[in-house]
Each structure stands twice: as structure tokens, then as C-alpha cells.
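Below: a set of structures, written as C-alpha cells.
Both of the next two complexes hold subunit A, though its partner changes from subunit B to subunit C.
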Partner chain A sequence: MAQFIQVLILGLALGGVIALMGSGLSLVFGVMRIVNLAHPSLIIAGAYVAYWAFKLWGIDPIVMLPVAALILAGIGVLLYRLMFEKEAKSARYSEMTVLLTFALAMMVEGLLGAFFTNTQRVTSPDYATDAFFLGDIFIPKGQLYAGIVSLVIIGALALFLKYSRMGYAIRATTQNRDAAELLGVNVNLVSVVAFAIGIGLAGAAGALVSFVFSFFPAKQWEWIAMLMSVVVLGGMGSILGTVVAAFSLSVIAAFVGTWVGATWSTMTFFLALFVILLIRPEGLFGEKPEMA
Partner chain B sequence: MTALLEVTNITAGYGDGPAILDGAHLTVVPGKVHCIIGPNGAGKSTLLKAICGMLKIRKGDVVLKGERLNGLRPDQILRKGICFVPQERALFPKMTVRENLRMGGFILGNAKELDRSVDAILDRFPILRERANQHAGTMSGGQQQTLAMARTLIIRPDIVMLDEPSLGLAPKIVQEMFSIMKMMSEEGVTVLLVEQNALMGLKNSDIGVVLDLGRTLIEGPAADVLADPRIQELYLGGRKAA
Partner chain C sequence: MAATLHTPDAGAVLAARKAHDEKLAKRADQTRATWFPVTVLAVLLALPLLQFTGNYNYLLHLVLFTASYVVMAAGWNILGGFAGYVSLGHAVFFAIGGYFSGVLLARFGISTLLTAPLAGLLAAVCGYLIGLITLKVRGPSFIISSIALLMIARILFDHWTFIGGANGLALPINDLPVLWAKLPYYYAFILMAAFTVWATYRIKHSKLGLGLRALSKDEIKAESAGIDTRFYKVVAFALSAFFVGMAGAVWGEYLTYLRPNIFLIILVSANLVLMCILGGKGTIAGPAIGAILIVGINELFVATMGASELNLFGTGLVMAVALMFFPLGVVGTLARKGKLPRILNWD
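After this line comes the complex of A and B, so read on.
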């Protein structure tokens, strides 16, 4: 029983971070229908911001989180203006954005590799290797803190989307872009803001990831499959769905890792993506795809 | 009477495709219900989309209270006082009725004024108050259409344009939609309606407009349009309107 609770706690603690990693991807897809394959590479960019701030100046990665988020949000604005704005009215928008984000992922990986090499890195504040003990059960402080911070950020995002004027505009644009425009929403501005928030969330997730996982530029290929499975299970564009899916898959992966084998833990996400696409492509909270 | 909106010989179409509207004109009189009829492909919906800025006007002018609207975006035209409800009603299915109404007043900067307007609309439409916290996507077609029409009133527009509000609704519900339009016009809101059911549309309107092949064929008092032999023959199957 103790082992069951232990594994459950580890799964839940990682679920929060994975939810934050996926929420930006989900938001960007929801508003702009961009499947941002470069999202994990931008998370890794955020992780490097936190890593170097810690290594050079000893700044705690959680303290560095808002800075990483702002830097990445700024990069998001530039990327949107340069890469996606012109494509917004293209008849081949969906295909083009997949190709563009794939190219972007390769470019970001190449740039990060050129500057920082492919050496595995991990930020190591004291709490990253410490734990709380409750009898036989331990809770790693790093994962716990990262999970709590992730949930606070996702909660703040949910409140922003629910109650702010821009949040209304983002939700409306997600659900019916033409209708939002007819009611006076500047959908171009909403797209820029949502993209910046989405990429800013990647930066924030990167700061937390930097002390939870080891990372290097090519790690993105492992994470894109993990994040796609989370976003697809939740329902593309649904942030609530992303959170539920992240916790579910993280817990399942933790049990698989313990009882079946560590290699199979990552496979849980890949297998889930495959199965979901076969039996319920709209995911838990998404809309059914239209028939051709 | 001075025209509120004047559409003069406009040409418009989708993308780089052929012109759907080719010299259409329209004079919109304040406070009246106008019904645009015509066969499929006549350009009825295209005319509304061109007026509200969803389609680029290639030639001609759209003038509201003396101000030219050509080239403005839909959100800018809304701010000038023209509100458009397309065929698919343009609701946000995963937002509640109250949130949909709040979106109707998105251009109002003042949150308190918006809350007051939303409450006033909920008072006028009890069915919407009953369902204020229900997701719009879970309501019936008639309730959704009521919400779409009520939402236009939040900003007190000069003109409300409705594209086939009766589409897919039971006859009893359609009559309720026309009652709401009548109420709108009595309150000084001008209604511009596109309707497939020519007989019902003209009977419930003050002014009739007939479009064919992208051009305005007839424009005048709805009763006169209804009595026009060409309309009787072409759109009403030769039946005399009761």
C-alpha cells in the first residue's frame, strides 16, 4: 500500500509540470489552430535561461521563472509576426503551420546545440535533491514545488481566461473566430497575445523543468510525443482537458515505470497517443472532428 | 425620409472568384423591418456580408448616416452601429448565455455598463434568464436564435442584420422570431432581414427588396412587393398572398 501511495504521489507531482508544459501548446492550438511542434524546443530554451541564471549568478529557477516566461513571450510575439501572421488567411494554413513549426523546432534545436552543446544539463538548487518524509513515503521537494507552482500558474491562467476582457476575447476566438470578429474582437491582436502567452508558458515550464528533468536540445523529440498525447487526450484546445490528461497519464506512467519497467514509462505516452487517435480522436473535452 | 444606410451599385464576391453581387442597391429606412428575398444564389447573404465588412467591396459604396464604410473591418463597422447575425447564429457554444450576452457588448469598455445592459436583456427575455448559466451550445435552435437576436441589443445598434433567422426552426418558433423583430423596430432599431420564405418574410416586414443574379430587381413597401405579379409568379408559385 505504501508503495502504491508513493508511486501515486510521484505521478501527481510530475503531472502538474507536464500540465504546464502542455497548456501553452493547447492554448496556441485552441486560438490559432497551430499545432506548434516547436513548443518543446521553446520549453528547453526556457530551461537554458533558468539553468544559466542559476549557474552564473546563483538565481533560483523558481525566481527566474517570470523572467524566462517574459523572454519567451517576447520571442513568441516575434515568431508570430514573422512566421504566422501572413499565413493566417492562407487556404493551406494548417499544412503550412505544421511545416513552419517543424522547421522552427529544428532551428531552435540547432541554435541551442550550437551555443550550449548537447551535454545533458540540470539545474541543481538544494531542494532539487531533497525530499519530505511521511513515514515510509517520500515526496521529492523539487517535483512538489514544480507541481505546486505549475498549478498556481494554470489556475491564474484559468482565472484570466474566465474573467478578464482579453480572456473573454481569447475564449470567444477559440470557439468561433468569425463570430468573435463580428462582435468587435480584434482577432489578430488576440492571436498575438494568445501566442505570446502560450510561448511564455513554455518559458515558465522550462524554468521548472530545468530542475525536474535533465535536458539537452534534442530532448524535444521525446517531449513532443509526450505533450501531444496529453493535449490530444485532453481534447485539442482544451486547457482543462490538458490538465486532466497530464495528471492521468503521468500517474499511469509512474505505475507502469514501477511495475513494468522504466523504459515502458515513456512508452505509456506514445501508446496513449496512438490509442486515443484510434478510438476517440476528439479526446476527453474536445469537439468531434467534422466529417469531410 | 432620410436613408439610414445607402448601398449604391455594389459589386462583391468571395476571394478572387466571380462577382456574386453585381450592381446591387439598397436604401434602408430608419426604424423599419426590411426583408430581402430572392432565389438561391441571388446574393442575399453576400449583400449582408459586404455591408458588415466580411467581404471586400470591389465597386460601389456603402454609406451609413453620410459616412462611407467601404474598406472597414467588421469590428469597426460594428462600432459604427451595424450588427450582423449570420445564418449559423455566431454563438459561442461553450460559453454560458450570460457570457454570450457579455460578448455582445465586447466593444463597450465599461464593465458596469455592460453588466447593466446584460441584466436589462435578461429581464426582457425570461427564457434567457432561466438559462443564464447554461452553455449556449446545449440550448434548442429557437432558444439559440433568441439569444443571438437578443445579444445584438446589448450595444443598442442602429441596424441589426439577420441572415435567415428562421432556418431550421419550427413555424411557431419562427413567429416568435418575427415578434422579436417587430419589438426591435418599435424600439427604433432598424432590421435588415434575409429570408428564404418570401411570403412569411414580406408579411412581417415594412419594406421588401428582391435580389436576382446579384442585382436589385424590386425595392418598395412590402405589401406592394408581395402584390407584384412577378413576385407572385417567381417566388410565391403564383399563389395570392392571404
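After this line comes the complex of A and C, so read on.
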């Protein structure tokens, strides 16, 4: 029983970070119908920001989080202007943008690899290797803090989407781009803002990831499949769905990892992705089969 | 007096249409420069004669390497170009072919040159079965499912001890002298490339090819026009897996080792996509031209920048630029402008 609770706690602790990693992806898909395969590579870019800030100046990754988010959001605006703005009119838009973001992912990985090499890195603030003990059960502090910060950020995002004027416009655009434009929403501005927020969330997630997982540029391929399974299960574009999916898959993966073997815990995500795409492509919270 | 209603019988209409089609086909045949690919093939077949005058192993390697990618890119083109289903997981079939023939070579000493068609068949069967599942979804979902397929295969191959796991398998090296050691593989790849290009031409102009092109434009309309779209695209998946698997088989013996981190990487799949897009998706000459361009660009990058990481950056950059400014590729763009030279019109 103690082991069961322990594994459950470890799974839940990772769920928050994974939810944050996926939420930006989901937002960008919801508003712009871009399946951003470059998202994990940008998370890794954010992780490097936190890593070097910690390594060079000893700045805590959680303190560095807003900075990483801002830097990445800036990069997001740039990327949107350069790569995606003119694609919006293309007929095979959704397929085109998948390939385009795939190319972007290779470019980011290449650049990061050239600058920082493909060695495994992890930021090591004190709490990353510490834990709270409750009797037999321990809760790793790093993952707990990362999970809490993630949930706070996702909560703030949900409030922003729900109550702010811009959030209202973003949700309208997600539901129906053409109708939103007809009703006077500046769809182009909304797209830029949503894309910047999405990539900014990648930066924020990167800062947390930097002390939760070890990372290197080529790790993105593993994460692409992992995040895709979370986002597809949750229903592309649904933030709540992403959170639920992240926690459930993370817990399942933790159990698989303990009882079947560590290598099979990543397999959980890939198989889940496969099965979900085939059985219910619109996901748990998706409204209609947009993707199919 | 009532006007007699003129009712042409169906047979006459069909006959007239057939005559018209034949006229078009004849005109296409007259303008087609068949001599060009045939000459290229003859030159490439005679190229190893250079070995009598010195060591041209590097040149042979480049041609061989390009030919292997022509086989794979042209194979990918059947699914990605004709049917419009972009797959980023074709490295899986490359690995299946490579490992099947490689294991036969390592255990029983049968040359992969003999088992390559079998490897292709195995890949095709796997492709057929996988296609039955994944081709239910299209667009971005299909692309993502193909990436998932690659990740799953990578984990399986990495942990399957029978085939060496992550360390891979070492294959015996042939006992030919250095000058001639590449020759069997060289000819195998040149012939396979020629066969593949010919086969894609035949497929494109068959009923299957017509159906595939129809469903790539609009699957629902194609279905309602009586095309069994499900069957057609699964067959296209199997055919494209066949060629990729065949190339993988011989490539394994040429490399003399099999390892998941060489065969099962996304860069292999990405290269196939990139070659087809750069050359012209859905055209016959496109994959060949794309393969030549990409291998050329790659060699240039390796020669000037060296580092493999910047190489990855370069590949991504070329892909992004091609997609944004050149989505029809060399052949497609030229054909749209009506400036496609006759020697490149293989369709």
C-alpha cells in the first residue's frame, strides 16, 4: 500500500509540469490550428536559459522563470511573423504548418546542439535533490515545487482566458475563427498574442523542466510524442483537458515504470497517443473531430 | 414532324474518348525524352570503370548514397506524393528491411542482395498492417501517429536482444579488394533506383495511381465516385514501405553494421520528406532530383561546417525555406510555369 501511494505521488508530482509543457501546445493549436512540433525544442531552449542563469550567476530557476518566459515569448512573436503569418492563407495550411514546425524543431535542435553540445544537463538548486518525508513516503521537493508553480501558471492562464478581454477574443477565435473575425475580433493580433503566450509557456515550462528532468537538445523527439499524447488525449485546444490528461498519463506512466520497467514508462505515452488517435481523435474534451 | 432525338450509343462515346486519350498519350510519348534517363543510367552503370584509372571510391560512394535515397524518396512519394499522406515514420521500414536481411546475413551468411526483395515484402506486409490502423486519420493526426510509430519502434528495437538491442549487430565484411568492395552495392542501388523510378511511373499511370491522386485531392468525393479509398491508400502505404525496406536491406550490408540510432532516427524520415518536397511531391523526377540536391547540400555542409549539429540546422533551414517559398519543388514549379525542360519531364 505504501508503495502504491508513493508511486501515485511521484506520478502526480510530474503531472503538473507535463501539463504546463502541454498547455502552450494546446493553446497554439486551439487558436491557430498549428500543431507545433517545435514546442519541445523551445522548452529545451527555455531550460538552457534557466540552466545558464543558475550556472553562471546562481539564479534560482523558479526566479528565472518569468525571464525565460519573456525571452521565449519574444522569440515566438518573431517566429510567427517570419514563418506562420503568410502561411495562414495556404490551402493545405494544417499539414504545411506541421512540416514547417518540424523544420523549425530541427533548426532549434541543431543550433542548441552546436552551442551547448548534446551532453545531459540538469539544473541543481538545493531543493532539486531534497524531499519531504511523511513516514515511509517521500515527496521530492523539486517536483513538488515545479508542480505547484505549474498549476499556478495554468490557473492564471485559465483566469486570463476566462475574464480578460483578450482572453475572450482568444476563446472566440478558438471556437470559430471566421465568425470571430466577422464580429470584429482582430484575429491576426489574437494569433500573435496567443502564439507568444504559447511559446512563453514553453519557456516557463523549460525553466521548471531544467531541474525536474535532465535535458539535451535531442531529447525533444521523446517529448514531442509525450506532449502530443497529452494534448491529443485532452482534446487539442482544451486547457482543462490537457491538465486532466497530463495527470492521468503521468500517473499511469509512473505505475508502468515501477511495475513493468523504467523503459516502458515512456512507451505508455507513445502507445496512448497511437490508441487515442485511432479510437477518439478528438480527445476527451475536444468538441468535434477537427483533426480527423 | 417531330425532330428525331439524336441518341449516341455509349459504345461510340467510349470509343471516341479512348481515341482521344490515345492521341494525348501519343503526343506525350513524342515529347518525352526517354533517352535522357536511359543515358544517365548507362553512364552510371559504366562509372565503376574509372576504378581502373585510380581510386574513385568517394565518387562511387556519393552516387551509391544518392541512389539509395532515390529508392527511398521515390518509394515515400507513392504515399506522400500521390496519396497526399505525409509520413514521418518511414525510417521504421528502413529499419525493418535492414534488420531482416541483416539478421539473415549474420546468422546464415545469405547476402542481402538476394534477400532485399524479401525484406521489401516484409516491410510491405508491416506497412499494410500499420496502414490499416493509422490511415484512418488524415492530415496532422496522421503525421503525429507516424512519429509515434517511429518512437515505439525505436524502443522495441533498442530492447530486443535477439537483434543486439541498442548496440546493434555487426555484419561480416565482404572479402573483395578495397577498389571493388563497393561495387556489388553500387550496382544493386543503381538498379533498384532505376526500377523504383520506373515502378513509380507505372503506378502513377495505373488505375491505382489515378485513384490515389483523386483521393489526395478530396477523399470524400473520391469515395463517392466509387473509389475504395481505404484499400487504395493502404496498398499505397504497403508499396511505399516495400521500396524503403528494400533499400534498408542493402544499406545494412553496405554499412556492415545495424544500429537503431542509425536506422531509426527521424532524420532519415525527414530527409525523404525534404527530398520529395524540394524535388516536387507527386512527380516522377522530383524525388530523384531532390535526392541529388539534398545529398549535394549535405556534403557541402559537412565539408564546410563539419559539425553534425549545424548539419541538422542546415537541413531544417533548407526544409523551412523550401516549404515557404517553393512548396511545389523544382519540378512542380517549373511545370507550372511551363518551363520544365523535356529531359526532366518523366511523368
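Here is the rule we go by: the second predicted complex is superposed on the first by the 289 of 292 C-alpha atoms of A that agree within 3 Å, B and C clash if a C-alpha of one lies under 4 Å from a C-alpha of the other, contacts with A are read in each partner's own complex, and residues count from 1 in each chain.
One rule holds for everything that comes next: contacts are C-beta pairs under 8 Å (C-beta built on N, C-alpha and C of every residue); 3 or more make two chains touch, one makes a residue touch a chain.
Just so it is clear, the structure is predicted and the values come from calculations on it, not from any experiment.
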First (subunit B), second (subunit C), both or neither touched by A:Val232
second
Figure out whether A:Tyr168 sits in contact with subunit B (first) or subunit C (second), or with both, or with neither.
first
For A:Leu134, is the partner it touches subunit B (first), subunit C (second), both, or none of the two (neither)?
neither
With both complexes overlaid on chain A, does A:Asn118 touch subunit B (first), subunit C (second), both or neither?
second
Applying the document's definition of touch, where does A:Glu181 land relative to subunit B and subunit C: first, second, both, or neither?
first
First (subunit B), second (subunit C), both or neither: which does A:Met267 touch?
second
Count the residues of subunit A touched by subunit B and by subunit C, then name the partner with the higher count.
C
Looking at the overlay, does A:Leu189 come into contact with subunit B only (first), subunit C only (second), both, or neither?
neither
Just to be sure I follow: which residues of subunit A are touched by subunit B in one complex and then by subunit C in the other one?
none
Footprint of subunit B on subunit A - complex, ascending
165, 168-169, 171-172, 175-176, 178-186
So in the complex, which bits of subunit B are touching subunit A?
52, 54, 73-75, 78-79, 84, 86, 90-95, 99, 102-104, 106-107, 111
Taking the complex as given, what residues does subunit A use to touch subunit C?
35, 37, 83, 86-87, 90, 94-96, 98-100, 102-111, 113-114, 117-118, 217, 221-222, 224-225, 228-229, 232, 263-264, 266-267, 270-271, 273-274, 277-278, 281, 291-292
Touching residues of subunit C toward subunit A in the complex: what are they?
86, 88, 133-134, 136-141, 143-145, 147-149, 151-152, 155, 158-159, 266-267, 270, 273, 277, 307, 309-317, 319-320, 323-324, 327
